[in-house]
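Two complexes come next, and they have one chain in common, subunit A, joined by subunit B in the first and subunit C in the second.
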Partner chain A sequence: MRIHCVQHQLLRGVQTVARAISPRASMPILGNVLLEASEDRVKLAATDLELGIESYVEATVAEDGAVTLPARILTDIVSNLPEGDVEIRVPEGESRATITCEKVRFEVLGLPAADFPVLPSSDGDVLVRLDAGLLRTMIRQTSFAVSTDETRPFLTGVYLVLEGETGQLVATDGGRLALRRAKIPSPEGGKITAIVPGKTMSELVRALGGVEGEVTIASHENQVLFALPGMRFISRLIAGQFPNYEQVIPKEYKQRIRVGTERLLRAVRRASITARDSANVVRLSASDGTLTITSNTPDVGTAEEQVGVEVEGDAVPVAFNAKFLMDALGNIDAAEVFFDLTGPLSPGALRPVEHPDYVYVLAPVRVYG
Partner chain B sequence: MERLARIIAHVDMDAFYAAIEVRDHPRYRGFPVVVGAPPSARGVVAAASYEARRYGIRSAMPSREARARCPQAIFLPVDMEKYRAVSAQLFEILETFTPRIEPLSIDEAFLDLTGCPVPGGGARQEASRADGPGAAEDPGLAIGRAIKARIRAALDLPASIGVAPNKFLAKLASELAKPDGLRRIGPEEVQEVLDPLPVTFLWGVGEETRRRLGSMGITTIGALRRAPTSVLRASLGFAAEHLAALSRGIDDRPVEAGARAKSVGREVTFAHDTRDPEILRRTLASLAEEVARGLRGQGLRGQTVTLKVRYGDFRTVTRRATLDAPTDTGQDLYRAAEWMWSRIPERGRAIRLLGVSASRLGRSAQLDLFGGGRRDRADRVMDAINTRFGDGAVRPGRLADAEDPDRSHPAAGVGQGAGSASAVRRR
Partner chain C sequence: MTAAQPRPAIQVLPPSAAERIAAGEVVERPASVVKELVENSLDAGARRITVEIEGAGQRLIRVTDDGDGIPAGELPLAFERFATSKIRSAADLARVRTYGFRGEALPSIAAVARVTMVTRPRGAEAAARIVVSGGRREAAGPTGGADGTAVTVEHLFFNTPARREFLRSDPRESAVIVETVEGLALAAPDVSFRLVLEGREVLWTPPEPFAARARRILGPQLVEHLLDLEAAGALARMAGVLGTPQVAQPRRARQWFLVNGRVVRSALLSRALAEAFRTLIPEDRHPVAVLSLHVPPEEVDVNVHPRKAEVRFVDERALGGWVTSHIRRALREAHLAHVAPPPGAPEAGSAEASAGPARPYPGPAEDAGTGAAVAEAEGLWIPGPAAAHGWPAIQLIGQLGLTYIVGDAGGDLVLIDQHAAHERILFERLMDLRAAGGVEAQGLVVPVAVELTRAEAALLEKVHPALRALGFEAEPFGPSAVRLTAIPAIAARRSPEELFRACLRDLDDAGAANAGRDLAERLAIATACHTALRAGDRLDPSTMRALLDDLARARDPFSCFHGRPTMVRIRSRDVERWFYRRM
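Right after this comes the complex of A and B.
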């Protein structure tokens, strides 16, 4: 293999795919990045067997070929090379690469490309095409609510629902639930659902950051494929039944509070400083145009803050986990929100005032003593 | 500057539940009284008065067996709420003597009395500074006597108190003083007291260790002390150093004062190392259930679950899992413990000890959108029944195969010291 490419493009590709690598890789080859040269590009790939990321880097290919190189060393080398043209050569039948840039020369020992796990080359069955920016927003607004408790695997992913002209992402850890809806071009076939691992979604959000254009979501056997301009994500899906989330979204409210999102976020953040124990409890109560937010920890101290709001309905004093509130308020992308309360020990809901495409449901905290 | 010799007291109420019942029902005084499950039900003895103990009745014995041993015994139900209230009064009394208190259970605590004023001893006399000319009584003993008198006067209950330079000896002293006694083990008499005692008096010596020592002809603490540590190490591994120190009455563990529980845990050492997956699974389930009850008993919930596995060669691995929300149900703890267990390689190896603990404790309950509440209520009902009729009267289905929780892990060391099967308090 012998190729020439541009240092900063190569670096971007290596950094993108290396995100798939697990720090606790079980086999040496899973700590490596695959480089595969053909036609006018180099394909880079890495995987932890759950998620595979591929990235394509423009290159002048003098000789086809493939090799795998340790991701950490490769990243360190490429990021420290001078800007300019990089040459990578791998002698036929060997897995030792020579990386040259201006007057710099590295020789790196790798492993044969034949040992690298095969990622499906198929484009799969296309499910839907979405604007990259919209997909990024949808994932960002939901994926923070996934469970990190691996004993309940079906909650550790984001639930993707495609039905008619509506696409939906839903995530919950049992204590709160985030749902983002969007109008989408009608998908092929009927209703499609899948639980996509939280890690895949957070890496996808990161990669979508610098991307403009369309993302194609496709399925291939038990995997989901996200094709972005210049890269591809291949992820396993989580087996299991996602809980019946529709029934937990409140349809009515006892009290509706209309409040500035940033104002509420700042108040909750301050109150969380003295919020008690691991449940991070802040108490809310609104009446006569004032929302009062309090917190106390016996050995630490107390906080109280008033926020001017519009209130409809009778006061419903309720306690929530401050983190649950901050996560949602920081991602809701709305100047004002409705905070709907249904009872002191019943779920509350946050919705943007401007549109109905987002809802965040949170279960209260019961405080003893 | 000279470091003060420590003065540690171990306060242990005698037959606590039974003594409270006798106090409140004077007509039972002098009779064998058993608090626990009724003999007609499955379930066990929670406490037995000293009169009942004469018939061989012990706590954790099935109530049915207790009745067989002493048909005329008076059986009373457990009134946990009352005992908790008395316990709160007890700790209030202890706190007037020193702030450095380490509670071990509802009726038992270590007190660090080093430097504490002796009640009625005048301003000059303080603990550990009394051996000048004219010193009346050992200051530790004097404070111990005062504590005992206060408990008697305020609660009308018997207590046994041990006073010594460290926790191990203090606990031993209170044990030797029982019932209703006060005993000091001073530095000068440590060897004289320890040497003739069987090795099982040492903290950490269970059935297996006793057997190993016995095979070397070591049955008393004195014999253990005289055995070269190298010989002990060959047989006991690195437990040898620990036992060698204890046999000399050396124990540096501090009284962990005021430390609110950072974790609640239970662990169990098997009488024989086991690799039987069924026994191990059941043991995990019953440990999870015990930890959950421990949490609920204190009104706490834990969000981090730790599994501890010790192999036959004493190599120990721990695994930790964090739940989405703090829990106090055995089901959640078991699910996490089982999950970690299933991911430990080398599961085929013989296992000596299993432990489950919950940490990141708090009092608030994050409610579940999908209705975990039913499980919650079921646990509370179960606690109520178990409290009323004795531990084990009802148990969740996961434990149904385990005929008797004590039988599936026979060496559950409830006896000696702060060893296994007691609430774990760590930094």
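Right after this comes the complex of A and C.
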């Protein structure tokens, strides 16, 4: 293998795929990045067997071939090379790479590409095309709610439902649930329901940040593939039955509070200062155009704040975990929200005033006195 | 029984048989002889008592004192039953201030051994000697001897082979003797004791204050880990020495209770002591302590046991609570962090220090200056209360092995077990919340169905209200399952099902590890234990700092409620020794 490519493009590719590598890789080969040269590009790939990331870097390929190199060493080398043309050369039948850039020359020991786990090459059946920015928003608005409880693995992923013209992402850790819908502009006619691991989603969000264009989502056996411009994410799916989330979402409310998102977020953040020592509980109560937010931790102190709001319905005093509130308010992307309360012991819901595509359900904290 | 054999007629036993039977009550084993003889010496006003033991007490026990002695004329009477100089009439029984008074000891011993007594009252012209063997006088007459009394007991149980059979191994019997002498030495700190075991001096004490005696008896290995205790109230006066949690023992061997100057066994005081140490030491360990209580004589009955080894109190509950609270207070004021042993030293809680009665006694050379002297020479002496200060200010260094928080406490290296520390914090917080009536339950938007075993279901019925008080909402869901709709808010990050089961399971085990705890406490423990950070959790510096802050505010920061230490402190001077900066 012998290729030439541009240092900053190579670096970006290496950094992107290296994120799939687990710091506790069980086999040496899983700590390596695959480099595979063909036609006019180099494919870079890395995987922890749960998630595989591939990235394509433009290259002048003088000689086809493949090798795997240790991700840490490769990242360190490429990021420290001078800006310019990088040559990577691997003699036929060897796994020792020579990396040259201007007057710099490294020789790095790798492992044979044949030992690298095979990632599916086909894109499977394409189900959906979505704008990269929209997908990124959808993931960001839901993935913070995934559970870290490994005893209920089906809650540790984002539930992806694509059917007809509607796409949905849902995540819950049991205490709160976030649901984001989107219209699919040109449905391909397939249907998929899959639980995508939280890690895949957070890496995807990161990668989508620097991408413009369209993302295609495809399924392939028990895997899901996200094809982005210049890269692919191939992720194992989580087995199991996602909870019936539709019945969790309150259909009506006893009290609806209309409040500025940023205003409420700041108030909750302030109140949480004196809520930290207990279970991070803030209390809410709204009437006559005023929402009162309080918190109280014995031995620490108390907080109280009034926020001007529009109120509809009777007062429902209720307590929530401040973190649950802040997570949603920080990601809801709306100037104003409806805060729908159904009772002191039953879930409340946050919805953007502008559109019906997002709903965040959160269970109250019950305080026994 | 066959009719052919005639029924033996009832008859009064010959004196020798009766004495041997009576002797069995008083003289159970060699240590009982030692106890009776030393008590006689103490009653005789001895200032110095020497106990010599050979053949684990079966071959020879000799107790020599410098007490009053017995006039030659009274000597034969000393070996008659119910002959005593200590009381004169039944009315005196209520005013007994001496150890013995029934006049049973000497004749009982003499019934089962060969006893030689040489005694000389101060100012007497000569000493008198009497030899009694198996209850029969073998010799008597004047002899030479020092002031005081020397009683030599040889061939113990030579005529009661059955009793011999019941004796334990020689090392065990020797250990019991040592423990007996230690107890007597505690009861009489103003008397000098010397114990010579198989030709080796294993104990020597000068007259000294009680606390110093207690420290000496507990041994030089523990001296760094002892706290002084003193309390006075309407119920009692209490003085003593407590071992810190670090030196708690696998057996109850290093516990002594004295009531009105007499070493006793007392289930009440054992319990009160254990209660005070609860959650500070593991359930299977026992505190080290010497506790001396003085209570008004009318508040205590010393005659429930023939050897006066047990006592009853009139108001047990009040006294137990009082003792517990004062021990607890002393512990709260002290710095209870476990301290890593200095390089080369035996670990305080290790076999060497904790083997109890069977521990190998230090030889005379090491023992000659027990306690303070030895420790001072090594520069290790830290008087208990002076070292007592609260939780130290800790500067965070980092995390070790994803399990311990490493910190700098004024130059000392401290390791904090993140799980144990968090457990302690959560436990106290849960108990506080419960006390304040403000338990918080995090509702679940997605309820969790938990399948129950039959045992769990039965248990659930019993403990449902307690679970609810902790923050669990469980509603029936089919015949053998429940649906959790809320869990303790404090535990919201953990698996609800796992936590719920753990709580149920811990309740089921109630008999074992958690005996003596009430339901709420056990639930708080289960919740805290299964909620706390675990070993292997990566912590960022701010989390670690918050944990240290919270721990510093805890009431009992030095141990988790299982009694494991939260912190081990490695003294800077020991670190210096590792690097040979200090020798």
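To be clear about the criterion, the second predicted complex is superposed on the first by the 357 of 369 C-alpha atoms of A that agree within 3 Å, B and C clash if a C-alpha of one lies under 4 Å from a C-alpha of the other, contacts with A are read in each partner's own complex, and residues count from 1 in each chain.
We adopt the following convention: a residue touches a chain if its C-beta (ideal position, glycine included) is under 8 Å from a C-beta of that chain, and two chains touch if they have at least 3 such contacts.
In this text the structure is predicted, and so the values were computed from the model without any measurement.
Enquirer: Taking subunit A as the common reference, can subunit B and subunit C both be placed on it without clashing, or not? Answer clash or fit.
Expert: clash
Enquirer: Does subunit B (first) or subunit C (second) touch A:L345, or do both, or does neither?
Expert: Both partners, subunit B and subunit C.
Enquirer: For A:L177, decide between first (touching subunit B), second (touching subunit C), both and neither.
Expert: both
Enquirer: Considering only the touch criterion stated at the top, classify A:V300 as touching first (subunit B), second (subunit C), both, or neither.
Expert: neither
Enquirer: Quick one: is A:V353 in contact with subunit B, with subunit C, with both, or with neither? Answer first, second, both or neither.
Expert: A:V353 sits against neither subunit B nor subunit C.
Enquirer: Which subunit A residues come up in both lists, the one for subunit B and the one for subunit C?
Expert: Of subunit A, residues 148-152, 155, 172, 174-177, 243, 248, 277-279, 281, 319, 321, 345, 347, 361, 363-369 contact subunit B in one complex and subunit C in the other.
Enquirer: For subunit A, which residues are in contact with subunit C within the complex?
Expert: The touching residues are 148-152, 155, 172, 174-177, 243, 245, 248, 277-281, 298-299, 319, 321, 345-347, 361-369.
Enquirer: Where on subunit B does subunit A make contact in their complex?
Expert: The touching residues are 299, 303, 321-326, 335-336, 339, 360-370, 372.
Enquirer: How about subunit C: which of its residues touch subunit A in the complex?
Expert: The touching residues are 429, 432-433, 436-446, 448, 468-469, 471, 473, 486, 489-490, 492-498, 550, 553.
Enquirer: Which positions of subunit A touch subunit B when the two form their complex?
Expert: 147-152, 155, 172-177, 243-244, 248, 276-279, 281, 319, 321, 345, 347, 361, 363-369
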